[in-house]
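Got a structure here, written out as structure tokens. Questions coming.
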Amino acid sequence: MKKLNVILLSTLFTAISVQTIAKEFVLTDTKADIFVGNWSITNKDMNISDKAFKIENKVLVGGKQHGSEVITLTSEDFSLSVSPTRGMSILSAKGNGVRIGWDSPIDEVVNPAYINLESRGGLGWLDGFNEMMVRCGFEWTGHPVVVDGRTYSIHGRAGNTPASNVVINIEEMPPYTIKIRGLIKENTFKNSKLETQTELRYVPGTHSFTVHDVLTNQSDYAKDYQIIYHSNFGTPLLEEGAQFFAPVKEISPFNEYAVKGLKNWKTYSAPTKHFDEEVFNLVLLAENTGQTMAMLSNKANDKAVLMEFNLNQLPVLSLWKNTDTLKQGYVTGIEPGTSFAYPVTIEKAHGRVKQLQPGEKTEFTLIYTLLTNNHDIKHYQDRINNIQKQARTNVIEKPILMQ
Amino acid sequence: MKKLNVILLSTLFTAISVQTIAKEFVLTDTKADIFVGNWSITNKDMNISDKAFKIENKVLVGGKQHGSEVITLTSEDFSLSVSPTRGMSILSAKGNGVRIGWDSPIDEVVNPAYINLESRGGLGWLDGFNEMMVRCGFEWTGHPVVVDGRTYSIHGRAGNTPASNVVINIEEMPPYTIKIRGLIKENTFKNSKLETQTELRYVPGTHSFTVHDVLTNQSDYAKDYQIIYHSNFGTPLLEEGAQFFAPVKEISPFNEYAVKGLKNWKTYSAPTKHFDEEVFNLVLLAENTGQTMAMLSNKANDKAVLMEFNLNQLPVLSLWKNTDTLKQGYVTGIEPGTSFAYPVTIEKAHGRVKQLQPGEKTEFTLIYTLLTNNHDIKHYQDRINNIQKQARTNVIEKPILMQ
Amino acid sequence: MKKLNVILLSTLFTAISVQTIAKEFVLTDTKADIFVGNWSITNKDMNISDKAFKIENKVLVGGKQHGSEVITLTSEDFSLSVSPTRGMSILSAKGNGVRIGWDSPIDEVVNPAYINLESRGGLGWLDGFNEMMVRCGFEWTGHPVVVDGRTYSIHGRAGNTPASNVVINIEEMPPYTIKIRGLIKENTFKNSKLETQTELRYVPGTHSFTVHDVLTNQSDYAKDYQIIYHSNFGTPLLEEGAQFFAPVKEISPFNEYAVKGLKNWKTYSAPTKHFDEEVFNLVLLAENTGQTMAMLSNKANDKAVLMEFNLNQLPVLSLWKNTDTLKQGYVTGIEPGTSFAYPVTIEKAHGRVKQLQPGEKTEFTLIYTLLTNNHDIKHYQDRINNIQKQARTNVIEKPILMQ
């Protein structure tokens, strides 16, 4: 186990540059031939006494999860798990007894070695999908499409790419910020050299975590990219009467099936047989900085998950209402992205596929916060309402799909 | 290693409920994070002195079998091997020096991580096929077909699904019945949650073993299922002059190529170059209970494998005569199933695709017995002849295929 | 670790049969359940004092290379690495500070478990391609093509097939020849039983290594085969002004794009954006024995890689000029083969697909030599020029492609 004392420069989001002492633990490094496997560390191991936390890495065994790694971070009443083997996806989080995540029919953390993304006509991704947050991208995303005999499988490859480099960085002074970093390489000769340095930031004791990804086009050619942060929530946040809050500039149904859902798109049904899924394409309003937010709140409005992000990074949002039965997967997706979930061909035609120049980087930041009292929830709802004052929601009754 | 003393209820097939003391050894449990790997136990380890047996689990290494597990059970002159990694398939058995199984060109126990079921136009399953018994199902089975761009690969996924839970259960009192259980999950979001609790039962010292599978539709929707128990036998049972015995109500050729084989479909040729394969669709007759049997017997009629099963569970049977050269795979398949081997689309159109309601279970029981003396073989042939008295075999000269 | 003292018969290439004492180290044997994993040996371990060498086997970890093995052989100023997991491909070599190999955008030794050869319309091979020499074959090779719904993926399966048997053989007397052997099985029921016993031979202290493969059709039927020894070189051998030397009987452009490259096909450009790739089909001239050679030499003509092979074994050669940018993969392929790189259907139609009868073997020998002084390079250029005297190069201006 390599321990490195590193001097970290302040992040992009800190106004004043402060040098921080942190310890770095390399769990995986393909270049240095490091794969630590089962491992754990606590605040005590670091001689920290005023804040309790534990980070544990585990190599799962058996079935289709054989060899998959899961990092679990716990602090006080909060926990969070991430799978390096599954593209640094966030499996679930929990705070104050409230789970952020959902129950998929897939109850293993499937090793991508057992997944064929192109199976079922490009729907092989569904064999492993059970995360609270999975990155859909970056080479392409969206529903599958076949172009000239080549399949663009649903939601791309990143979520089924084992991380090449996994590092835990723990600050040695308050607030002891913990960073879980993983490098996801989408490298294919003549096609792609998109590398994503993912980072999950958590301050022990809080109910909030930040995803901060830096995507770099490592190739010498301009390359298209797409990303959807597929963020998924089931019970107990999702329930009959649960509500979606966001400042919405425009909404349209993804397809004909979703049209009927427009009349009550902000509220959720109980688990409903044959509901299947309704998807809506949303464009949000934002504060001057581009910062905006979306929230899922339970019926009593005393439990919610808040997502904060920036429209300059993630201009559109897919709202996925999959309030089918519990066993089928009772879940809603709040999915900020550069694209909607249409096939890449359609997104391209609509001008929603972005490009990175050679060597160019772009970054994405999302803050997820668990709120467990009505007062805090109302505070953010007020802020959302305030942004909404900029304009009324334009409801487009027909799918915008162009093929 | 977890050892649990469990009280087992009598099985469904025991008339009187008797409680039995047994020891249970968990080899794999994805939920409890157990993967024992190399392991063995003997009767002595269990303080059993009046019956010798050994069970050994081994993780294979190298080539495309790297990581595949094989459980081998031996008792007196009998042995049996099962691969948890390959869907609890039975690799082969042997009793009194007589092998039940065959020699496939594939001489490794291929880890499904190295198999792409959709390769070669849906024939990727052929990269691993070498078992004595492989479950073809359960989401679909049969020859490959592409529907709306989605490939239904040959014989489904079960045989290439690593077991999520593997347990060895050994009764501590005579007859010391050994059960090898494995849970196969065919879980895909929005598509399938078919789980099969497989069980292989063996009484030490005998020449017989029972496959008992319970298939459960764990989803909230009615789901189609199909199963073919692809049971395959080569030398020494299969040889020139070997014969197939079963009470047959109706037989038809699978395709035009098999038509010419109708004239001597009950007897087998020596290994024959360019024979390729002849497949016949059989409907059997049965006793009142639905119980019936099929047998492959060698030329001298002193070595045979008997299969007993119930038409209420497995109404049809495919007879696969692949008496090609030894290296090509000299083998016959006696394959009771819910379906013939036509693509799922055809089986569906013919009404042979069954359905399970939400939460519904169904079970399948097959008893395989090695017979090594003419007297025993004659006994079962008499029973087969007796059932055959119900009706003459209706020979349909043309393939029933409807497309 | 098994150590076997074996008596080796002289090779096919030694005129007089001399018995040699050698030690054999089995790293992998699927039949004997051997997988040694991390391992190394030096001349000292073998009580050899007059020649230094070290052979090391390492199991890589992390990312998509998790579980891939790499054997590295070093002696004095020379080193060489081979990956058993990737079909015994040669990753790179280095002598006197000069690298033989290239920099692919893929910087991991990808475990085939993470590769779907049929992805991207049959271009999945590009997810792992970074070797100095990868065998493209043997069941088929060339650009992908779909025939009756079956995809022939680019360059076949051998390069993504983990070796079933890996043996290091070291002679105990001068010149202490080291042989790295690996068995590659392309076995698919009813399709293929082509087995290739690969051998890499190296005499410690030299700058040369020999690939000697024996391909056997283990099936009872005549089987087509194809092979292209895809040998790839980047910097420092490849550079602006680097040159290709070979006695060429005939050259034609692979496609329309390559036509414009005919005017200076023997020289190489600097890394050039948008160059993409030019491929040329070459038929070489040879000495009486069929022996011939091809060479890549740098601009100063003081560093070169020489390839020697026999037209009776490898009648055609593809010259792949991929002098695109460094990050895109600045590389040239000198690829002797039985076929050009057209899809198997086209190669078949042109009569370039060979066949092996049942049990028949064929062999391929290629010698790679690093030359690091102008005198040696000139010597071989003279030999090439001498062979070229047989005929002028016939330049065919149009692609020979027939579809």
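Letters are used for the chains, namely A, B and C, taken in the order the chains are written, and counting of residues starts over at 1 for each.
We take it that a residue touches a chain if its C-beta (ideal position, glycine included) is under 8 Å from a C-beta of that chain, and two chains touch if they have at least 3 such contacts.
Since this is a predicted model, take the numbers as computed values, not measurements.
J.: In steps of 5 degrees, what rotation angle do you get fitting chain A onto chain C on the CA atoms?
T.: Rounded to 5 degrees, the superposing rotation is 120 degrees.
J.: Same or different: do the copies chain A and chain B touch each other through matching residue numbers, with over half of them shared?
T.: Answer different: the two copies use largely distinct residue numbers here.
J.: Whole-Å distance, chain A centre to chain B centre, using C-alpha means?
T.: 43
J.: For chain C, which residues are shared contacts with two or more other chains?
T.: 113, 116, 118
J.: What residues of chain B sit close enough to touch chain C in their complex?
T.: Counting only chain B, the residues touching chain C are 58, 60-66, 104-108, 111, 113-114, 116, 118-123, 126-127, 129-130, 146, 273, 324-329.
J.: Hey, which residues of chain B end up touching chain A in the complex?
T.: Per the stated touch rule, the residues are 28-31, 33-35, 67, 112-113, 116-118, 148-151, 153, 161-166, 185, 187-193, 218-221, 358.
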